[in-house]
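Pasting the structures here.
Here chain A shows up in two complexes: once beside chain B, once beside chain C.
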Partner chain A sequence: MLKNIIIAVILIVFAVLFFDLFMLYEARTGLTGIAQYYAQNGAKEVGAANLVTSIVVTYRGFDTLGEVTILFVAASIISFFLKLKENDESKNISSKDTTEILVTASNVLVPVIFLFGIYVFINGHLTPGGGFQGGAIIATGVALMILANPNIKINTQIIHWVESISGVGYVVVGIFGLILAGGFLDNKITGLGEFGALFSAGAIPIIYSFIGLKVGAEISNILNKYQKSQKND
Partner chain B sequence: MNREFLYIVLTIFLGVASIVLSFISIHSKKLSLAVIAVGVVSLFASILFLLMSAPDVAMTEAAIGSGLTTLIFFYVLNKIKKSDA
Partner chain C sequence: MINTEYFTLGHISLLLGFILIIVGFWGILTQKNIVKIILAFSIADAGINILIVSLGYVIGKTAPIIDGSVVQKAGIDVSDSIVDPVPQALVLTSIVIGFGVTALMLAYAMKLFTAKKTLHINKFNDLKW
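Moving on, here comes the complex of A and B:
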């Protein structure tokens, strides 16, 4: 009874607070402050046709490094808590066969999904999407592989190497920006190139490829850990 | 005009369906049904993001929200069932 009263009081307080905010709300008709600066000078300064990318990778590149780090920490913690026993490696996960339809579909679709993921992060500075989206798409390909064949062995060595190299590469490109251009993660270490071409916008395609590979490897690693944790006791 | 009308109808349908599915996911006795409902809510949310012209957010939501999260939830459910028995 008391619990319900407390919940009701909290809800009423929140309602009053948010009603005030709601009454103060006015729809904006134009961009303000820094958003206007990005919209006007983003294409000229960064050379990326996708304005979101130029903000995420260049103007706010340091935040993106933080996001990648958060994902890395999350993957590490999952690996830590899903530790396997020594004899778990050899056990089978499922003795049941998956359906023919799923196996055939995965054989056809997995390469296409990988290719699409790579397309998304390489074209991150031209079309919507980027490193995180491309990496997530690659990981869904890995998920489909695992669904079609639950006993599949994923080579964790390759995943670890890809993840480490792309993480280090991301920071190295950032430091090159510090030496050769205006600051950490500045994309003007190479020429900006022709606006709208595949090889343009300086270091953005390189950075986004590193991010995409790193995110894909990290999420694949998480999936692989969960897959191994299903082994029968 | 016609296109705009369709857009509004689709948006309202997706919003209402998301709310209904959220209630199902909270109140259903079967956990597997709840997980699937959450996955479908994510899928609808990604279509909504696409309609609001944010294709990059829609891509992330579709891949992570409705694809990978659902799979991981099922793995965890399976693990819990095994350790209960």
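Moving on, here comes the complex of A and C:
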């Protein structure tokens, strides 16, 4: 009883605080500070049509490197926690038969989903989307495969190689920026190209493809660990 | 009489963010099943992300992508036709971190389930005094 009262009091205090903030809110009528600078110079300096991409990959590229690292650390810890015993590896996951509809739909849809994910991360500098979104779409394809066939064997070697190569490639492109352009992860190593074209914005499509492959591989790896952890019972 | 001043896009998304945060806190504090608690964390997370994006909203402006709806030309000043791109870039980071945290929590939940064959939070009282 006392617990319920405390919970109610906490929620009411939050509600009052938020209501006050809501009443004080006034929508902004113009950009301020750093956003103004990005809007004025982003297209000229970086050459990406999507300003969010130019911030994520170039102006705050170091942030994104850290972000990818955090995802990698999360995947590693999950692998460590859900590690199987030797004699569990060969067991099958007991599950009900999946329906014909799900199996057929996954056969048709999985390649299309992979293609769409690749489209999203290659066009990250032109349209909404980018490496993280494309990687997540690729991982939904893997999730659909696992749902359709719970005992499917996912080739972990390929996942590990894709993940390692794209991680190293990302840092190598960053170091090229240090040598050939203004600094670490600078995108002007190849020239900016025609604004709005697919091959434009210097190294951004390359970096975003590496990020997309790495994120897709990492999330697929996490899904694979969850799938395998069902074997031990 | 309802004040129509509060029916702008900025206000609606702000209100949605606050409501989702409170629903998430309610779930964290009251639910007994660990998976439901993790879901409540995700809901609060989504609310905070909507809140940050809505704080970058500028009245009557479009998405920060330089295409047909803005002006398709490099070197042009678009600062009077787009919303703030910085909160959107930060929310991208926040979503990825939120994903990592949720995945880790689910792995812990699986580990806890194998230890005690239950997900009821009151059964995990080993550290209670």
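General observations
In the analysis below, the second predicted complex is superposed on the first by the 205 of 233 C-alpha atoms of A that agree within 3 Å, B and C clash if a C-alpha of one lies under 4 Å from a C-alpha of the other, contacts with A are read in each partner's own complex, and residues count from 1 in each chain.
The rule we apply is simple: a residue touches a chain if its C-beta (ideal position, glycine included) is under 8 Å from a C-beta of that chain, and two chains touch if they have at least 3 such contacts.
These numbers were taken from a predicted model, which means no experiment stands behind them.
The partner of chain A that touches more of its residues, comparing chain B with chain C, is C. By the document's definition of touching, neither partner reaches A:Asn221: not chain B, not chain C.
Look at A:Thr140: by the touch rule set out above, it reaches chain B but stays clear of chain C.
Of the two partner chains placed by superposition, A:Asn187 touches none, neither chain B nor chain C. Using the contact criterion defined above for the overlaid structures, shared-chain residue A:Gly129 touches chain B, although it does not reach chain C.
In the superposed model, A:Ser229 lies in contact with both chain B and chain C. The interface of chain A with chain B overlaps its interface with chain C at residues 52, 128, 130, 132, 136, 219, 222, 226, 229, 232-233. Chain B makes touch with chain A in their complex at residues 55-56, 59-60, 63-64, 67-68, 71-72, 75-76, 78-79, 82.
Of all residues in chain A, those touching chain B in their complex are 52, 120, 128-130, 132-133, 136-137, 139-140, 143, 146-147, 219, 222-223, 226-227, 229-230, 232-233. Across the complex, chain C meets chain A through its residues 8-11, 14-15, 18, 21-22, 25-26, 29-30, 56-59, 63-67, 72-80, 82, 84-86, 88-89, 92-93, 95-97, 99-101, 103-104, 106-108, 110-111, 114. Looking at the complex, you find that chain A touches chain C at residues 7, 10-11, 14-15, 18-19, 21-22, 25, 27-32, 34-36, 38-40, 42-44, 47, 49-52, 55-56, 60, 63-64, 67, 70-71, 73-75, 77-78, 81-82, 126-128, 130, 132, 136, 192, 195-196, 215, 219, 222, 225-226, 229, 232-233.
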